[in-house]
Amino acid sequence: MSYLTKSPWIIHYDASSCNGCDIEVLACLTPLYDVERFGIINTGNPKHADIFVVTGSVNEQNKEVIKNIYNQMPKPNVVVGVGICACSGGVFRECYNVSGGVGELIPVDVYVPGCAARPEQIIDGIVKALGILDKKYKDSKKGGDFK
Amino acid sequence: MTFEFFTNSSFIGAVLFILFAPLIGGIVMGIDRKITARMQGRVGPPVLQPIYDILKLFEKENMVVYESQNFWILSYLIFIVVTGVLFFAGSDILLVIFALTLAHVFLILGAYSTGSPYAHVGAERELIQLMAVEPMIIIAAVGLYQVTNSFDTAGIIQSTFAPVIVLPGIFLGMVYILTMKLRKSPFDLSTSHHAHQELVKGLTTEFSGSTLGMTEIAHLYELVFLLGFLFLFFGTAAPLIGIAVILIVYFLEVFVDNATSRVKWQFALKSCWIVTAVLGVLNLLALYLI
Amino acid sequence: MDLLIFLILFPLIAAILMLLLPNGEIRDAIVKIAALIIAVSSVYLFIETFGKGISYVTIGSETVGMAILLCELVVAIFIIAISLKFRKYIVAALAIVQTAILVYAEEFASVETGFLNELFVDEFSVIMALIIGIIGSLICVYSVGYMKGYHEKHADVKDNRKLFFFVMFLFLSAMFGVVFSNHIVWLFFFWEITTLCSFLLIGYAMDEIAWKNAFWALLLNTIGGVGFSGAILFILVYSGNGDFIYLNNLIAAGPVFAMIPAALIAFAGLTKSAQMPFSSWLVGAMVAPTPVSALLHSSTMVKAGVYVIVRFAPIFELSYIGVLISLVGGVTFLLASAIAIGQSNAKKVLAYSTIANLGLVVACAGIGTQEAVWAAILLIIFHAVAKSLLFLAVGSVEHQKKSRDIEDMSGLISTMPKVAVMMLIGIAGMFLAPFGMLISKWATIHAFVNALPPFGMLLIAMIAYGSGITVFFWAKWMGKLIEVKKKSSPLKKEATSPEMFTLYCLTGLTVITCLLFPLISGFMIEPYIVEVYNGTVSQLLSLNNMLIMLMMLVLILLLPLSLGHFSKGRTVVGQYMGARPGVSGVSFAGSMGVTKEVELSNYYMEEFFGEEKLSKTGVILTIILLIVFAAVIILNLPGMVM
Amino acid sequence: MTIEEQKYTDIMKEDLLKNVKDKCESGYRLVQIGCGKFGDIFEINYSFEKEYSFENLRIKTTEGEKVPSISDIYWGSFIYENEIHDLFGVEVTGINLDFKGNLIRTTVKAPFNVKNVTKVKPEKKETAEKKTEDN
Amino acid sequence: MKLFSMTKTIFKTLGRGPSTIRYPKEPAKRYEGTRGQVEIKIEDCIFCGLCSMHCPSDAITVDKPVKIWTIDRFRCISCNSCVEACPKNCLCLNNVYHEPVLNGPLTESFTGSAEPAEVSSEN
Amino acid sequence: MSRRIVVPFGPQHPVLPEPIHLDLVLEDEHVIEAIPSIGYVHRGLEKLVEKRDFKDFVYIAERICGICSFIHSVGYCQGIENIMDIEVPKRAQYLRTIWSEYSRLHSHLLWLGLFADSMGFENLFMNSWRIREKILDAMEETTGGRVIQGSCKVGGVRRDISDSKLKDMVKDLDILSSDIEDLCHVFFDDDTVIHRTKGVGVISKEAAYSLGAVGPTARGSGVSTDIRKTGYVAYADLDFSPVVETGGDCYARCAVRARELLQSVDIIKQAVDAVPSGDIDVKVKGNPDGEYFSRVEQPRGECLHYIKANGKKNILRERVRTPTTANIPALVKMLGGCEMADVPVIVLSIDPCIGCAER
């Protein structure tokens, strides 16, 4: 196990969700769920983060923002899409300003469905992401490069 | 009490510091985080979490804005270690302080060199903090000299009675400063342990991977150094009381961290200087009356 | 010791030559040669006198004495005339008073003064001579390149380079005179010449603001001059002993007699070294071309002021007058540093930091203990080297960037890497650990701790706060230099070759003086102190600490090697911009659809460190101190006058 | 349970500023400005409230016509006026803080002015394509 | 004390101990009425398509001729609309949420026949 | 030479739970200019009325925002009901009231937490959210959803709460209110909190009124406006008066919300006492025809749903004017001349809900 799995720092961005999933992501940090048990810190700074938690769907305006955040995250990193909006655009999928789930823009490693996704679900999602993080790290060790 | 840099005892002190300070600092920080979590009604991370964090950072890709930023941070780390080494080897305390300032200037320059707005504001704030704490530390050093007649830490620590008895004001002032040095609320202006800060991560915004890891290690070294500095006020005359008081002080710092919001820089600067003047300078002047 | 006379006369000859030569390469070459000769001869002086202690030179000619007195009068008349012409009646009045006192003292002194040992040289003089000879002449070389560009850029300023170089060399001559004079009237003569030179150089641009500042400088310096002539009056008229007109005798006489003249001369020193409340002239003098600032107002001329105070330092040891002088210095140090925070004009920052550092020297000199004098001399050396480097570097940057504002130096490391690195070294020299100034500060703290209680602690408090403040304004400047928003290719030619040559030399000197400082301390300062304090000198800086500082310095010099390691294998990604879309470099998509660019400026915190408020406080505080100072002198007077 | 009374006053566009000024002077606060497109007509409601009495001024305008801004009277109206401009393409003249179409940036320009811009259900084909991509 | 008015709360919290649910070790907190996922008793389904019509996010597709009822879990907002619309009461909302998955889309199809519900998850 | 620092603040920024961006122009740390801009989360869901029939649109309406979710659905349903002249059963009205107040509790606690966090008071954040979880538990137990309740529908509510459960809820609230009081005490009295909030982002009563500020933002400036006073749902039967503070600064706005917590608890108690028995919904027949401005008081202030329909299944136009939109002009005014450190505090002090504002 790499140490990445022991101290995954997350960055959270609200793409264009209804806030429901956002506050649930935040709720994960608070006493009842306390993800710091797993060493998770919400850094809020892409350059420190290992896990990118996106809520909400992608539209023309935040496309660049999401890409910027993703590009500024040092490898290895994983992306967790939280909520059905991040998965597929959800209930707003047909709105004129929504272009769909996050997966269309950046590679998403874990999808957490739900509207709104519950904190336990999000924890599950992040735990799942840790495995991928570990794998990515090991691959990069083998490959000698972060891919 | 003259101090020889190349004696056995000072050499041992230095080596012990280099080897064990990160570990001790990490555990202290881990306990700190655990207590903080408990105060917030949470379980909190494992005690070794700070060490995991650092080890993780070295597993990450190193992402920079300009390559030169790593140079400044490496210098920062090295000079924090030099500070500690000088301190634990029993060297002149003023030199220790200057080395500490130098190290911090390197950190600040590292932040400046990235040209990022957040790091820039963080650097400015860190400078303000540096300016706020510097007087107290120098006064503390002079106070210790007045009591023990030695500028060498080796001499100070062997004082026949605990300096804190006649330097209560300076000790309290140092405790006040410590909050700022440890970047704890209410003085976590330039960068903060937790994210929700107006400056994102302030000073360290543009550092990632091993660069950030180096600043974290430096932070651990500094923590141990600062606690050591507080110990000087007790010295070998009252070591157990010293350790007990330091533990209490540290708990208090954690408590204060939890019981206050972040203040603005104006207040931080003003309050530090006033505390320095009232507790530090008056204590120094009072030494003549005794 | 004809060398002393040579050092005084040679620059004078060079100066006159300058008046005759037209602008052009011949003159430039001669400037360089003259500068070289001055530098070499000052080094030669050092070698010659090395380890010899104090030695005297007798000219013994009454004519020379009379000539000097006459010249003195000519200078006074010139000052009076030009003041009247510009309707600066106060300056004229002061000059008249000063001359009158001097003439009265000379004519009506009840004692005979011989002409013997008019010049002398000891380690302290040699140190000063080295500073003047090397740094001063380097600045002259720099001026060759600088002034050419200056006139290309300031078409409105009349090209008066003939006069410029004349005054520059005249100035060097006068400075040598100041540091070699043993006869106080001579000292005063050279002293007045430096005043005059500074007046001419500050007014070089000959526009309104230049004249205004020049006269302001003249005014404050003549106030000091009055004090100085008062000292001469006291020695000659009241002492009843003509021997005391010689510096060595006066100092040897000890505080009982020398206190009052020493205090009066120190007062003059305070004006010349731009201590509060007189500091404003130095700030105003920054209108002059940069080499002038470097020569007169950082490395040498103001050093004349502190030179005399440090000379008299043993007199002040553990006396209240000394404490008062120290406090004036301490207050100046603290407040001038604080004011520097609020400045963005590089030369103003340098000016205030000069005032502050001189304040520290004055504070040390006022304390007057062995350690304090040791610290003071160290401060003089390190300050001179680093500060002139900074001034000249700013001058070169000013030529390229058309601005002397620190904000405009943003990212200088990318556009003018060489100058920027040298500037960084200069700044580091001013406040960072293993570099010179910090060693001096260390010594200063050690010295203050043992000063007259409880004032020592007050001074400690001032230096404690002051050093925090110094860190702030220097570090933010350094930050500005290395803060690269967007990489750009460096300029091909950062400055003219004489400028670069000077900068290289001074950078080298900054580093070398730090590396050699144990030697400087051991072979030049300590012997002087032994001599002055008649006895053994205590261990001032333990060998261990020296070693540690040297190791730190070496470490700093080695660390840049790591840059090689860091320059590869890193992923380069732009700055964090709140993840704004459209990020390229440092521009970002702003509100209302406008693309904006990140601007980064330093903090100036004017609500805390406003220039006006703080200088007012400083002036009031120091005037109160000076009133007390005057009161102490007057109270002492009855007992002294025999 | 109380049902709020609905008061509308239809006014001419030219009288808008005068009427709004009256409202302002008699101490009403601006609740909202809302637009709707019904047929070819844009209906703009200016809602005001004073002591829980809720009133509306309504103007009608058509494509291409300009509507004066009331931001000189109610400083805060810029947010609604910019929104109307961005979503309906109604040109509002003289806004104090004119975002120039950058308050709400949309993929489709003036989406509410366009018929049926909500995306149609994704075609089966498209889904199939996506599937192959994902695999 | 006005400066540390948080003191009481802090010590209360310290005394009470953490209120954290140690989730993966402890089971998640659920209520009976928690809206989880839609479940179908496919054998009762008459493929009328009402649920599909009332689904606000078009998560449900009903293919009457081949008797396939499909739900896209990435679209379902667990609103209960379909359950209410169902004339045969063959739909219900359980209180278990769906596991996070590694790839999408996540559709589940149920074929109506004599056999028990066949669940197939396809990517 | 200017001494300006230009900082791009947001859209991604740790203190901002939602994307809004500000271009901050600073001198030292004084804000010279701050232009807010939104537009990152615009979805255009108002347009979805063309796709969804008026009954299903309630699911969209409550997803305008995950925090104010329930009250949005109340506002929407109320609009439709009033157009169609549907008499909603009394019990349903009371349940709506209770859930509305629960939403307010949860929203205010959430906000108090975020507000504390914006000034670096982590412990207060954690404690606020710890209490909030209890509110959410009650919500989840009664409605089935933690944040998106989904229990309001055109014609009534979809779930009933048993009387015994109502009693339990009141009991829980009693325990909770002592915790809440402790919490409020910190917001009211703590020196460091006062240092960060008093005199920060001041907006006068007149300015707040003329800028059209709503909710706690207006009430913090002394404007006594509370749409609940119009007596929608069951508020007409309940006794309460708007919480008004006169400071006009962040402290006042914070105090309004803190005091509203206790007020909400009180309203819930009153409502539970008065809740009548009976049906919880009526059958809705036909389609709406007409228009209505439906106003409800959200935690953030007055929210307006304008509905226009022409007798078809799909309504013509649904316009939502959310409180955040109304408060943005006030925010622009507040930001001028503050300190950089105040920016997050001020931005949060209007309780921005960008998801709402942009729909």
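Chains: A, B, C, D, E and F, in written order; residue numbering restarts at 1 for each.
To be clear about the criterion, a contact is a pair of C-beta atoms (placed from the backbone, for glycine too) under 8 Å apart; a residue touches a chain by one contact, two chains touch by 3 or more.
Computed from a prediction, not measured in an experiment: that's the story for all the values here.
Counting steps between touching chains, the shortest path from subunit E to subunit F takes 1.
The set of chains touching subunit A and also touching subunit C is given as B, D, F. Set against the C-alpha centre of subunit C, every other chain centre is closer than that of E.
Of all chain pairs, the one linked by the largest number of contacting C-beta pairs is B-C.
When chain centres are set by their Cα atoms, the one at the greatest distance from subunit B is D. The chain closest to the protein's centre is B, with centres computed as averages of CA atoms.
Distance between chain centres (mean CA atoms), subunit C to subunit F: 65 Å.
For this pair, subunit D with subunit F, the centres built from the Cα atoms lie 22 Å apart.
Once the centre of each chain is set as its mean CA position, subunit A and subunit E turn out to be 21 Å apart. The distance from the centre of subunit C to the centre of subunit D, each centre being the mean of the chain's C-alpha atoms, comes to 69 Å. In subunit A, the positions touching at least two other chains are 13, 30-32, 34, 37, 42-47, 59, 61, 65, 68-69, 72, 74-75, 91, 93-97, 115, 118. Among the residues of subunit D, those touching two or more other chains are numbered 97, 99, 102, 105-106, 111, 117-118, 121. Looking at subunit F, residues 5-8, 11-15, 29, 35, 37, 39, 42, 44, 47-48, 51, 59-60, 63, 123-127, 130, 133, 145, 148, 190, 192, 358 sit in touch with two or more other chains.
Here subunit C touches subunit A in the complex through residues 571, 573-574, 576-577, 579-583, going by the rule given at the top. Residues 2-4, 6-7, 30-31, 34, 36-39, 41-45, 47-48, 50, 72, 74-76, 137, 146 of subunit A are the ones touching subunit B in the complex.
Remark: subunit A residues 59-61, 93-97, 99 touch subunit D in the complex. Taken together, the subunit C residues at the contact with subunit B in this complex read 411, 432-434, 438, 441-442, 445-446, 449, 453-454, 457-458, 460-461, 463-465, 467-469, 471-472, 475-476, 478-480, 482-487, 542, 544-545, 547-549, 552, 555-556, 559-560, 562-563, 566-578, 586, 598, 600, 602-603, 605, 607-608.
Taken together, the subunit A residues at the contact with subunit E in this complex read 31-34, 37, 80, 84, 87-88, 90-91, 93-94, 101, 103, 108-115, 117-121, 123-125, 127-128, 132.
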